[in-house]
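The chains carry the letters A, B, C and D, assigned in the order they are written, with residues numbered from 1 in each.
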Amino acid sequence: MVIDRKARIIEVQDWDDYFLFRLESPEIARLSQPGQFIMIKVSETTNPLLRRPISLHNCTGREVEIFFQIAGKGTRLLSQKKAGDILDILGPLGRGFSIKNEFKGKEIFCVGGGRGIAPLYYLARELSAAGARPVIFYGGRTSADLPLKSRFEQADWEVKVSTDDGSLGFSGLVTSLVESELRHRTPTFLFACGPEAMMEKLAEICRKENLPAEFSLESIMGCGLGACWGCVKKIRRNGETKYLKICQDGPVFSRDEIVWQEKENG
Amino acid sequence: MVDLSVDLGFLKLKNPVLAASGTFGYGLEFKPFYDLELLGGFVVKGLYFNPREGNLPPRLIETPSGLINSIGLQGIGVEAFCREILPELAELDTAVIVNVCGEDEDEYARVAEYLSRFKGIAALELNISCPNVREGGRCPAQSSDATFRTVKKVKEVTPLPLITKLSPNVTDIVSIAIAAEEAGSEAISLVNTFLAMAVDIETRKPKLGNVIGGLSGPAIKPIALRMVFQVARAVKIPVIGIGGIFTAEDALEFMMVGASAIEVGTANFVDPDACLRIIQGMEKWAENHGIKNISEIIGSLKI
Amino acid sequence: MVDLSVDLGFLKLKNPVLAASGTFGYGLEFKPFYDLELLGGFVVKGLYFNPREGNLPPRLIETPSGLINSIGLQGIGVEAFCREILPELAELDTAVIVNVCGEDEDEYARVAEYLSRFKGIAALELNISCPNVREGGRCPAQSSDATFRTVKKVKEVTPLPLITKLSPNVTDIVSIAIAAEEAGSEAISLVNTFLAMAVDIETRKPKLGNVIGGLSGPAIKPIALRMVFQVARAVKIPVIGIGGIFTAEDALEFMMVGASAIEVGTANFVDPDACLRIIQGMEKWAENHGIKNISEIIGSLKI
Amino acid sequence: MVIDRKARIIEVQDWDDYFLFRLESPEIARLSQPGQFIMIKVSETTNPLLRRPISLHNCTGREVEIFFQIAGKGTRLLSQKKAGDILDILGPLGRGFSIKNEFKGKEIFCVGGGRGIAPLYYLARELSAAGARPVIFYGGRTSADLPLKSRFEQADWEVKVSTDDGSLGFSGLVTSLVESELRHRTPTFLFACGPEAMMEKLAEICRKENLPAEFSLESIMGCGLGACWGCVKKIRRNGETKYLKICQDGPVFSRDEIVWQEKENG
């Protein structure tokens, strides 16, 4: 469903490579789900050509937030926008995370790697609202990749950070941090978003621990609307394994549905 | 008031703007954006007889002012289409055109024959030009003979009007267009995508799972326009122009060189109401230029 | 230190970067920007035997990420070139390649024969692919036979190594490349420009005086790259990649799919020291990736 | 000759569609001639692709000025630059106006149509410096097309303006204004820059009056450096009529050299 097409930027926060925009977008704020995303037009010319998918990072009142990293020329152009500019957007799109009634009172692991942290703030807020206890795992290469640490901490959730280079928090991959926590804790569910290798490893850990989980996948998107079949991922569902659209059937899929490694260039 | 309608002979369109196959889903995906009945029509995603898986991802790569795709015609197949989608489309007061694919000449005919049993289809667009399904991107539209044979075979099994969609990956597009005309095609549409590739220099692998894909978008417009110009001067049947049309001005260029209608592809991704914007822009342009019937501008290029 | 040199067999280049014909004048125009001896080499503007007037202006039109030109090979002719320009070029310690044109097979041979009398020319690039001189843009590189005959004829009259430059306006680029190889060409370069056009909707006239021109620039890169990939796998002689190369990364993509060297065209207009930037970027990339000889990456694509 | 590649914008002045930039470019300021131009990179992406040619409007000390009109997407992008931005330029390029010793003490007509006024300020200053008396004719469609009127007037030159719609100054084409002045004045030379139809008409008037003249031509330019043969115009010179390069042999050509109307699309 697409309900908002224009969103005014109210505030821009930046940490070199990472940016947080607060946008006025009343309908999306009212009707979206954590894990959904918007498609943003980043350029007035034909290069870059396509819109860029960005998750909803937070929704409150009439406002939504997005959090993104500069990954290439599209996100760079986006980062140059200023408060007062109007963004041309489509959204909310996709199927988000499943927040279940039985999460109430339970511990829920939310694992974000790098920019993959973006949708987890909105998710954790909704989990809290549903009475669950989110535990945030936030991994990055180095401390500069964890700009949202204090924001999550201020929200009064348990926050565990890791850096590959040991510059902040646990030294090593966030997957190892999750694994070691699982030795003495038994969460009810795990949600994750981040690099595919991270999520694949988490899926493996979860399977071993019998921990149900959902993952938010990425892909280059042509339309974001289910019209181009460009964003597909091999998914096992209803006894069939086939290409489903990340933009429409996802971006969130559950642990055992995802075929992580398809043979390449085959 | 401008009369935007154009008459293809076998089909009268409200206006010359069609959404191009593969970029408009089965049409319904765009209902949230505008009333589909405002369109001249739309061409649904290419259909084989059976459902198809499509190609290995990644399937899309952006290039300067262009997009390479290697979807490989993933789709639900013609039976599911006629059962699940067509009934809703048939209700619409706009031209619904179905893009017909085939692994071989027989399959084109089977798909066309099957579709002919149903109501609500205004025409078939014969996709003999998809670069994404065979080794090296070969397709019937690269040979006059194969084009003639395929069109002929399909003509024999369907009373529906045929629009033959040509490939730009040829030396002499005019000879292919003439082959389609001689085989009885009611119209020609062109162009499909240009065979293209991109390499990730870090992994040293092709960026597309399928290695090669088809280039579309504004990058190709000048080449597509030249081909439409050449074909429109060489055939008597109507020509539908396709390739990088993003604005009303682009559409008007194609019509001036001889296109009776146009299809909008990649632009639908960048802006889901691109077709609507183009229709409105065309109307406004005609108004400002005192043009009463948009069809006056078809082939009006001065050389 | 990275060794950027590449060996084409008949010619060793300091580095794989050549400036493309028609975009670098006679070379001297770029002396204010950098030392021409830093280049792998450059290809001078196409020469016919006699001076040529070229086509009616306007001759250039910008398109999304591209440029259409219809210069029509205006130039001073081969005699004036050898008298006025070549002596200065011959002094340079870099590969000077001359782009050879002809109205017919005989003229190619006459130009090549004449050039062979002079010192300082590293190779001839046989421009059998210029879209701007004949009706409808036809050229020998659109037919295997004409390609074979033209190359053969030129081979007979010159001891200079031949690089045959192909047109992308063909159905099967591989068959043309093979024809050139069989006729004895020492190398293949591709691509020349794509036949294209643009219309001014206000005047309803073609934007180019010549109606049709050739499209170059980043817009065509993905198509050119695919063609170089296909040709490099099919021939044994070295391949020089051309088409929309603006950055070192672009150049590396072409080399990975099999090009032994590359030519930079339109980029020279946007940034007169584009070639230098590309050479430096390549060197830096190789350094960062621990590559000692740039020639290691030629054809290193993993599929 | 290309001597400057970067120029910092010091000041931007704007009148809706017209802009005046003051740039720091010491070498161009020192070595250029009126009628020369620079090629400006207007975009970081590939659309628009080519640089745009813009005349030198003025040169003083270490600074140069440019004056331009928004004509399309390239000049629009240029107009969005701000003081402090660095422009990527090539220049000075081309052959400018010929200021001759015998102009001393004489009246020289300088005729600018619309944005064609740009090079005439620099020209008039050099004419003054050479002891000549420039008379400025400045024509536009309407008064909004004459933003530089007061600037020229402040320089203490005689300034005559015309508008097609009569909203300011003489009502009618600037060519008619020139024609009527020529009834009672006998200038020594005429320089002009503007739409080709205007210049062609002026050339005809000058021929009738036996008034020598030079015109600055426009063309789409590929390189601006004489390397592409893209910018040519049919020119009669040394008994031959052939295509010369506007960027290198021009942009300024003299009255009888220019073949105004070539058959089109022939």
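Assume a contact is a pair of C-beta atoms (placed from the backbone, for glycine too) under 8 Å apart; a residue touches a chain by one contact, two chains touch by 3 or more.
Treat the numbers as computed from the prediction; the structure is a model and nothing was measured.
Student: Can you give the shortest number of steps from chain B to chain C, where adjacent chains in the path must touch?
Tutor: Counted as steps through touching chains, the separation is 1.
Student: Which one of the chains is farthest from chain C, going by Cα centres?
Tutor: A
Student: With chain centres defined as C-alpha means, what is the inter-centre distance between chain A and chain B in Å?
Tutor: 36
Student: Centre to centre, by mean C-alpha position, how many angstrom separate chain A and chain C?
Tutor: Centre-to-centre distance between chain A and chain C: 47 Å.
Student: Please set out, as single numbers or ranges, the residues of chain C touching at least two other chains.
Tutor: If we look for residues of chain C contacting two or more partner chains, we find 61, 64-66, 205-206, 211, 217-219, 302-303.
Student: At least two other chains touched by the same residue of chain D: list those residues.
Tutor: 45-48, 265, in rising order.
Student: Does the chain-touch network form a line, ring, star, complete graph or other?
Tutor: Graph shape, chains as nodes and touching pairs as edges: complete.
Student: With touch defined as at the start, can you tell me which chain B residues reach chain A in the complex?
Tutor: 22-25, 29-30, 32-33, 45, 53-54, 56-62, 64-67, 69, 71, 74-75, 205-206, 209-211, 217-219, 246, 266, 268-272
Student: Can you list the residues on chain A that touch chain B in the complex?
Tutor: 1-2, 41, 46-51, 90, 219-223, 225-233, 242-243, 262-266
Student: Could you pull out which chain A residues touch chain C in their complex?
Tutor: Within the complex, chain A contacts chain C at residues 45-47, 265.
Student: Help me check something: in the complex, which residues belonging to chain C touch chain A?
Tutor: Touching chain A: residues 64-65, 218, 302-303 of chain C.
Student: Show me the residue ranges of chain B that touch chain C in the complex, using the header's touch definition.
Tutor: Going by the criterion above, the answer is residues 61, 63-66, 68, 136, 142-143, 169-172, 194-199, 201, 203-206, 211-212, 215, 217-223, 225-226, 229-230, 244, 249, 252-253, 256-257, 285, 297, 300-303.
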